[in-house]
Every structure is written in C-alpha cells, then in structure tokens.
Amino acid sequence: MSIPLVIDTDTAQDDCVAILAGLLTEGADLRAITMVAGNVGFDRQVRNAYLTLNASDKLGAAPIYLGARRPLVRPWVSAENVHGDGAGGLDMSFEGLEPETEHAVDALLRLADEAAGELSIVAIGPLTNIALAVAKRPEFAQQVKHLVVMGGSNNARGNITAAAEFNFYVDPEAAKIVFDAGFNVTVVPWAPLTLQQAVFQRPVLDRIAAIGTPLAEFFTRVCSSTLAFDESVGIPGTTHPDSLSVAVLLRPELVRRSAQYNVDIETGSELTRGYAAMSWGVHGLAPNATVVEEIDEDGFREFLLSMLSVETTPPRPFTA
Amino acid sequence: MSIPLVIDTDTAQDDCVAILAGLLTEGADLRAITMVAGNVGFDRQVRNAYLTLNASDKLGAAPIYLGARRPLVRPWVSAENVHGDGAGGLDMSFEGLEPETEHAVDALLRLADEAAGELSIVAIGPLTNIALAVAKRPEFAQQVKHLVVMGGSNNARGNITAAAEFNFYVDPEAAKIVFDAGFNVTVVPWAPLTLQQAVFQRPVLDRIAAIGTPLAEFFTRVCSSTLAFDESVGIPGTTHPDSLSVAVLLRPELVRRSAQYNVDIETGSELTRGYAAMSWGVHGLAPNATVVEEIDEDGFREFLLSMLSVETTPPRPFTA
Amino acid sequence: MSIPLVIDTDTAQDDCVAILAGLLTEGADLRAITMVAGNVGFDRQVRNAYLTLNASDKLGAAPIYLGARRPLVRPWVSAENVHGDGAGGLDMSFEGLEPETEHAVDALLRLADEAAGELSIVAIGPLTNIALAVAKRPEFAQQVKHLVVMGGSNNARGNITAAAEFNFYVDPEAAKIVFDAGFNVTVVPWAPLTLQQAVFQRPVLDRIAAIGTPLAEFFTRVCSSTLAFDESVGIPGTTHPDSLSVAVLLRPELVRRSAQYNVDIETGSELTRGYAAMSWGVHGLAPNATVVEEIDEDGFREFLLSMLSVETTPPRPFTA
Amino acid sequence: MSIPLVIDTDTAQDDCVAILAGLLTEGADLRAITMVAGNVGFDRQVRNAYLTLNASDKLGAAPIYLGARRPLVRPWVSAENVHGDGAGGLDMSFEGLEPETEHAVDALLRLADEAAGELSIVAIGPLTNIALAVAKRPEFAQQVKHLVVMGGSNNARGNITAAAEFNFYVDPEAAKIVFDAGFNVTVVPWAPLTLQQAVFQRPVLDRIAAIGTPLAEFFTRVCSSTLAFDESVGIPGTTHPDSLSVAVLLRPELVRRSAQYNVDIETGSELTRGYAAMSWGVHGLAPNATVVEEIDEDGFREFLLSMLSVETTPPRPFTA
C-alpha cells in the first residue's frame, strides 16, 4: 500500500536527498513538494528542487507549490554560509519548468481534503507553511495522518546557536503554532540523533562516490558545501536529518527508540530564540509529540545508498 | 467617487456601528465584511454582523467572509466581560443567511487584486486576518491603498491591561506583522484619542434614544452592555473607536491632527503583551504609521447621529 | 519636627536642585547623599554633588556615600547626551573632599536602623542602591518610613524610549525589586506629571536668572545643557522631577491628587525594557504604590524659587 | 601549600558532602561557609551545615555567614520535593551554635581582601551571594583566584525544567551577573557531566554503607531523600555535583577534559528561565568560562569514599 505524502522543504543539500527518497522509495506517493523560506534564496531553493527532480528523471512527477517567502513574524535568516547555493554549483536549463500557481498552503489544505485522512507530511524546513495551514484551518492538524518534523534538539546542542537548531530558529512562532495544533507529530531532532547517527563520514562518502550513478554524483555535488562547513565546525561528515525524516515516515522500522515528549518553542527571548524545550515526562507536562531517540544507523545508511544506486537518465544535462 | 473598502471585524458593539457606517455613508462601497476572532464567540460575531445588515436593511449588500477563528500563536482571549453577546441580547431569524465559502484571507487578497490599488481596509478587530494575508502574499501591503487600524494606545493607558489595548493584546504577533509589512497605515488608538473624543456620554445617548429610528434603537441596544461595563471602570459613556476608524477613512476631514510614528508591538513579555510602542520621532526610528491624535469631536458625533437618523425597515423582525 | 531623609541620586542637573531642596528646606534633616550609577560618569556625579554642597555653603553638612557603579544585571547606559556633564561646565577645587568609605548600601541600612522607623528616602536615580539594600536585608523595606521614587511614566510617554523613562530603563531589575519589596512608596512619574506640571519655561527661567543669588546662578548653569536638549525634543523648558520628588516628601501639601496603583516593571523585553505598568485599579491587581497625579504647580515653582533666593556664600570659588 | 576557599551553599544533601570535602581534604583551608537561599528553608540549610560540621567533628572550624534569603528579583523556589529537609531527618541540639553576624556578602568581600588574590570560592547554590558581592564591588571578580560554579547543563537536559538546572533557574539574574563579571570561573554542569559521571549507584552506596564510620552513616542519611527522588525520575543513584565542584577545585587532576565556552543565562523568558547557553566556540562568542566535560570518575568516587572512611567522633549526638 502506498503512502501519500507531501514534502515541505527549503531545498538545499540534504533536502535534495530527502526529495529523492520521497520520489524513489517504493510505496511512497509524493503528491507535492511545497517550498518554504529557509536555507537559501527562495528561487534558488525552487531551482534546487527541479535539479533534484531532473536527477531522478522525475520532472513532472511531483508538482512544486510555492509557499511562504519569509517567516511569519521575523526577517528571513539564511544558512547560505553552511550550504552555499545548496546544490554544489549544479545548474541546468530550467526552461518550461513552472511551479504551480496554487499557493503551497492552499495545496496542503486541498491535498489533505483529497486524501481524506491519509495524507502525511514531512516538514524539513522552517514550519511557516504548516503553521499557515493551521491558521487558515485549525482542523488541518487532525486531517493530517502523520507529520514528521525535522527540527530542534533533544536536550542537546543546537546548530545556529547553542540553544537552537536552524529550522525552529528561523520561524519560532511557526514552530510553536505547529506543536500547539494537535498534530500526530514525530520529531527528528538535530542533536543528539542526527549528529550521532545520521552523519556520513568520509569512508561512506567514498563508497557513494564509487557508485557512479547520476544520483550518486548528484548526491556528492549537493552535499559538497555542507561537508566543508561541517568539517570546519567539528562535524566529521555530511548530515542527513532531512532524508532521515522521510525515512522515518516511509520506513518506520528504522526507528529503534522513540518516546513521548512535551515540546514547546521559545519565541520570547533572543538568547534562546527557537529553542525547543523537550520535556521527557518528569515535569508534569502533557506529551504532544513523539521524538525519535535512536535509529538503525546501518539500515538508514543502506536505505540511502541503495537508493543512490538506482540508475537514472536525467533528461536535462547538468552543467557546472 | 466611491471608496471601495473592506471592514475586518470582531463584530460586537461598536463594530456594529462601524459596519453601519460602512454600509450607509455616502461614497462608501463596502465590498466585504471579514470576520476575525476577537470580542465574543466567532459565530456570535457573525450573527451580530447579520443583525447589523438587517438593521440597515442591507442584508445581501455586503458579503461576509469567515477568517481566522483564533489568534496566530496564542489561545483566544474574549472580551465578553465587556460586551456580553455584543448585541445587547438582540436576536432574529438567521435562516438562509450563509457566509461566503471563500476564506476571508483569500477574499482580502482577491478583492485587493480586483480593486487594482484602490481597496482600503478598516481593521477593527485583532489583526490576524490582515497578517495572514501578508504572510500569504507579502506584496498585499503595497496593494492596499489605505489600512486604518483600530488598536493600541498612543503613549497612554491600555484597556485589557495597563499596557495593552484589546485588539493588539489578543494577537500581538499579527499586529507586529502588520506594522512591519509596509502598509500605508493609519492608527486610531484607544487612548488618549478614543477616551477623550469618542465617548458618547449620557446626554448624547439620550439624544440618540430620542431619534426613534430602527437604527437608533439598534444602536442603543448593541451599546448597552458596554455602557454598563464602561461606567463600572470609570469611562463615562460608550466608546466608539471602531466607527471612528471607518469615519477616518470615509471622512478624513474629521481628522484634526495626526503624526508620523514608529509603531512596534510587544510579543515577548507577558506583562507588556500587545503593548504598542509608538515612538514620536525623537528616538531615531523610521516612521511606519500615521497615528490620529485629534479629531473633530463634534463632527464625528454628528456624522454618527445623522446616520442613525436614516429611516430603515429591517426586513427581519428583531426579537429580545 | 524635622524629617530625616537620604537622597539617593545620580547627580546631574535637577538632581542638584533636589539636593539643594534637601539641604535648604526647613524641616529637612538630610542625613546622607548616596550615589548611584545613572545620568553621567560616576565620579562626575560625585563632583556634581560637591558642587551643589558648595553652592549652598553646606560642604560637610551631608556625607556622600558611594553606591553601585553600574546597574545590577546590565551594562550602564548614560544620559550624557541629555545632561552633558550635568553641571553646565561648572568646576571648582575638590581638594580634601572625600566621600565616606562606608558603601552606600550599608549606609542606607545603618541609617534606617539608627532612625528607628523614621527615615525617608528620595530615590532620584536608577534604583540599584535601594534594590541592593533590600537584597541584603529584605526587612529594610519595612524600616523605611516613606520612599519617594522618581521614575516611570503613568500610562504616558517615556523619555529614553517610547515605553520607558530613564531611571527604570537603566536598571529595570532594580526597579522591579523595589516595587516588589513592600515599601511605602510614592512615585513621581516622568509623564504626564513632570511634563505637564514640572517644566520651567523661559519666562520662569528668566525670573530665576534675575534673582541673582549664587544659588540662582548655580541653577541656571546646571540646567543649561538639559534645557538645550529638552527644547530640541519639543519640551519647552527645564524638567524638575527630582526636585519635585524631594518636595513631595517635604511639602506633601503640594500634592493635589494621587492614587493607588499596582506598579510592575518590564525586565524581559528589549522593546519595553524598563516600562512601568501602572495599573489603576480596574485589572484586579493589588496596589503597591501611590502615584502622584497632580500637584500644585504654582506652589512647587514658588517653593523652588524662594529656595533659590536664599543668599549663600559658596566657600570655594566656581570656575567655568 | 593550602588552598584558602569559601563554600557558598544552599546546604542540603550533596552540599553536606561538599562541605565535608572542604573540611577534610588535605590542603583545603575552608575559611567560611556562606549560606544562600536555595534547596530548602534557609534556617533548615543552616542547621544542615551545623549537622555537617558536627559529623566531621569540626564545629567551630569554619564560620557560617548568612547571605541572601531570597533570589535577587524573583520569589524563592524550593527543591524540597527533591531533598526533603536535605538531611534525611537527622537532628541534634543546636544550642550555642550561632552563625556570624557579618553578612555573607561582606564576609566574601573581606575574605577576598584578606587572602590578597589567593581566595577561591566553590558556589554550589544559586549565585545570589556571589552576584551581590559583584554588585557591591565589581572588582571582586578579579580578586577571586578561582570560582567553581555548580550549575547549568552543557547542551543537555536540565532538572527543574527541560531547559534549566535548579541553581540557575532559582536566580537567573544572579547567574547572569556572575558570568558577565569577569571571574576565572569553572562550571561543573548538571548534565551530561553529573548524570554520566557523578551518580553513585546502589552498589557504591552499599560500599559506603559498609564503611561504618559516622561520616559514612551521615552520608547515607543525608542522601536518602534524594536517592528516592532520583530513582523516581530515572536517575539510578545519588547525584554529587556539589562535592564534585569542591573536588574540581582541590583535586584538579580529577578533571580529564574541559573546554572554553561562552556562557550566558536566560533571564527574559519563563519557558527557558535559567537556561545556560553554553556556546562551544563556533558561534563567534568570546569565551568567559571553563566547563568541565569529563572527569576521572573512579578517582572522584574514591576521593569521596576515602574521605568517608575517616573516623570522626561527632561531639553532639545525632537524633532521628
């Protein structure tokens, strides 16, 4: 049975890999890619999504809807220092490729209606679009079967600040709205989970480079800027929280341990902006989210590597 | 030449009077009433709007669109302690009266498109709908000709707290979004303006009661709960900031003095939640709003009183 | 019967006038001047206090104790843009003039003990010293007979920001401590009171200049920088909240109207830092302070003018 | 050569063990115990300190000074739910035992003077006293040779909330003052360090119980309430961050790894109140503290166990 899903993304680096997983995983029925302001320039993100569709020879397979071009309340903060253009300098002709005219928020609401309780969403950027869908229609939270959110850290270090992970930092109000809305939500945190179990170190990256498929080459390119940044801050490889989030939805058996938490987001302070307070059950707060604590690390890696081994013929040639 | 406008409202008490002004003032072209969570229960507010349309014999003249049923980030806070049901217990048959199916936010965006730069908005409730329209389409702020906002106090006392006026208190994040968005915005503040120049004391209320039209009777009824509350907190009459806001748009000659301010809204603290910092030009902040400082008080009163003198035949009988 | 008092001050401009009032008013028993970080450089403030003692021929009459050289939690913010050096460039020989070695906080505690319930304090700078006295000995609040605080605005504009008056802005945590401590406290606010009733316009300043005593000359000099600043921001004269605070203690009959308020201070937000939420009794908060709402404006002016008419012989010559 | 030190403490449970370490470790010259509001009732804490002095037969060896009876700005929050009375119900006659009359803050300042740059402080409660010493004399920070602070978590879970550890939560303003003051400060965090390396599990506790000395019996008693609480929240033993802090000062060779951090404390939000943002060098913030990351766990345990093996003859009999 297939899983209808939408990927809500600020497409750059591992977002591309996540989209590949949404397109290529057996049983996945990727109904839309919805774009949200985050990692890099909004239009750049859209191009990165098209590059990804092209790499997997799926141009046209998943419509792209444009959502919020900035966070709800605050100015946009980019992660271009981390991701560069988010595609390792890859380019191609985008002629004739046009996103849908329907706004991403409306598409999310419509797709939820059409799927009649079966739609899942993997949100791997700031939560602006998801929050706007809730603001427009509060019962959207109940219509979505499963929301997987990449964001926050589980009582561990952030990345953009000590306290905060990028996605929640960029739009903390949106994140707060989402965690208050009543979704069946699973969180894939940055730390410790991603840092401990979803970093591809040099030997793995070498294995991928050796695969030799267009997808493997695409992976190597889009992860290149982030690899350099990561190594400069002591992370020994590329990080894959976004593709892990798609895997958590599509291959739930990869989750070894998860637990119920009360998750609340800091919106009132600059020092702790976007901090996710994840209370593990001893502070008397009602749980509102499942947080992934441990995965089958080998299984996740092989999930991605076997996907990258698929031969594709990108219809449009990539240029430098 | 007529002024195309939308009234965005949490319809109760003076919101009703404001809608009357939007319906009955010569030159006003009221294209929609958009409903936002605020004063009283959302469905009650919709009924109050229909009661108002009926009182002015304008059922069908202005479509009603339903917008945000709660503030963006925070739980809804009501003002039922002030306004009761917001209509002084008035009732009627609502059979066959159905709001539009289009969401208020989409209606605002569409109407702005259709009016091609000529649409004005009078926002007399929490700013949730307006903020959502901006979030969905940032250039909406530039498409709106004139946004008149009832909210905040101009370096003076609030009402729901010492620091804050109700509309901004209920959804401070929405208010912050709106003041950051680049609208041509005019603010009608609660204090000192409303308290000094838009309170109808007993003698005026007696004059209105003596008018004897259905509209005057309607006015007396819908203002009754608020009058009792106001007098209990030392305000010697009914307050009319919402109808004043409509008047500011439609009869700009009633504004005697206004000035440029930088307006920013407190979203990070509970004590000062929703406080509007209105900086008058000496703190080095760029102005982003015009704030009304003084009106032609007599002119405003007579504007409303002559409106209430119009004879109407409400098509549906009011019940207690 | 005399009133034993301490003036806690960041001595510049009207602080000097306030100290004159503490020294020269019949019935005042000024037991100490305690210095706190505020308006201008700490050592400059001390010199301004000595200049004031000299002007009144009271060198040695009131010991000076040095208190907190910075706010409790935050970096010091100066008002040198307003006050210059706070003494209009006046100078003299400070040879042999040495403040006490006892810390101001200890002096406050000791003087409260010695006065056995009769000590009053007029606090006309940031409240750091008073807060530290409370922190060291919580029952200090009950030992002080009457604390008059110059600070905040009563639901009106601030000065350093729209929201905040300087003294509370500089050390909001100290102000919060003081209002939570249980003092019998009277507040002399910046606005509207000071702006409406304690501004000396040019004709009054001319009258003072014409007096011709050393004290009147001293007044003219120390107020000169502030006058220029005030006029540049639309305040038509010199402002006298600090000397008014001393007058409120020593000449309570000058208070025409005051009321009970709940006063709380904003410490958590940058936008509203130091804002004093003064709730006037309708929000269900227990009163913790008396706020002066109206004074006998003529009486206050004549109180100061007659004081400035006293002939003194400053023992040390003033230099430019 | 001996190390002159003060222990600033909210004496309950491991604070007692920390005081024992300060009294009994070779080379330690414990010049004072200063009491601060924290774990349990203030007077109860003083009694717990006397119980500890008695257990080690050191009554009179270290004077006790009473400091702040509440946090600087906020109401006191107790940890009695964790610690009970903090002494496992132990009691004795306190007749004739009187703390010093000098205030703890003044004692700290005087002892720093007397030690002429050689005094170290181990602060194992809320930082109110230390902050007040800085407020009274900013250069105190430079006078103290080494300040070891137990508090915060190093990008890991808190205890009283998800975000915050108890000591910093109780008085976040004090903690912020201390980290801004310029001390040579070493932090012993709650998590991960304490939870990973300073928990005594049942087998270790059994070894201690088997020692049979009065000190070992005392240890077992004072840790009993905390053991029950810890096990109820999933911590498999008693926690010893306070005694570890003393060990870090006196036996620095027990520190296996530490690093420079920028530590800042959240004071503006309720959700993250008292959170310690510990930035590890990648966010461009200047370091202001050394944080202990790893200790010689066996060495620390044996340090405490050998101390508990010392035979003492408590001069006053313990009762129930």
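To keep things simple, chains are lettered A, B, C and D as they appear, and every chain counts its residues starting from 1.
Everything that follows uses one rule, which is that contacts are C-beta pairs under 8 Å (C-beta built on N, C-alpha and C of every residue); 3 or more make two chains touch, one makes a residue touch a chain.
Just so we're clear, the structure is a prediction, and the values are computed from it rather than from any experiment.
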Same-site or different-site touching of chain A by its copy chain D, using the half cut: same
Chain located farthest away, centre of chain D as origin (C-alpha): B
Intercentroid distance (Cα basis), chain D paired with chain B, Å: 57
Gap in Å, rounded to a whole number, between the CA centres of chain D and chain A: 43
Computed distance of Cα centres, chain D from chain C, in Å: 41
Residue numbers of chain C (touch at least two other chains): 268-269
Chain A contact footprint on chain D (complex, rising order): 153, 155-158, 161-163, 191, 233-234, 264, 266, 268-269, 271-272, 275, 277-280, 282-283
Touching residues (chain side chain B, partner chain A) in the complex: 68-70, 72-73, 103, 105-106, 128, 131-132, 135-136, 138, 173, 176-177, 180, 267-269
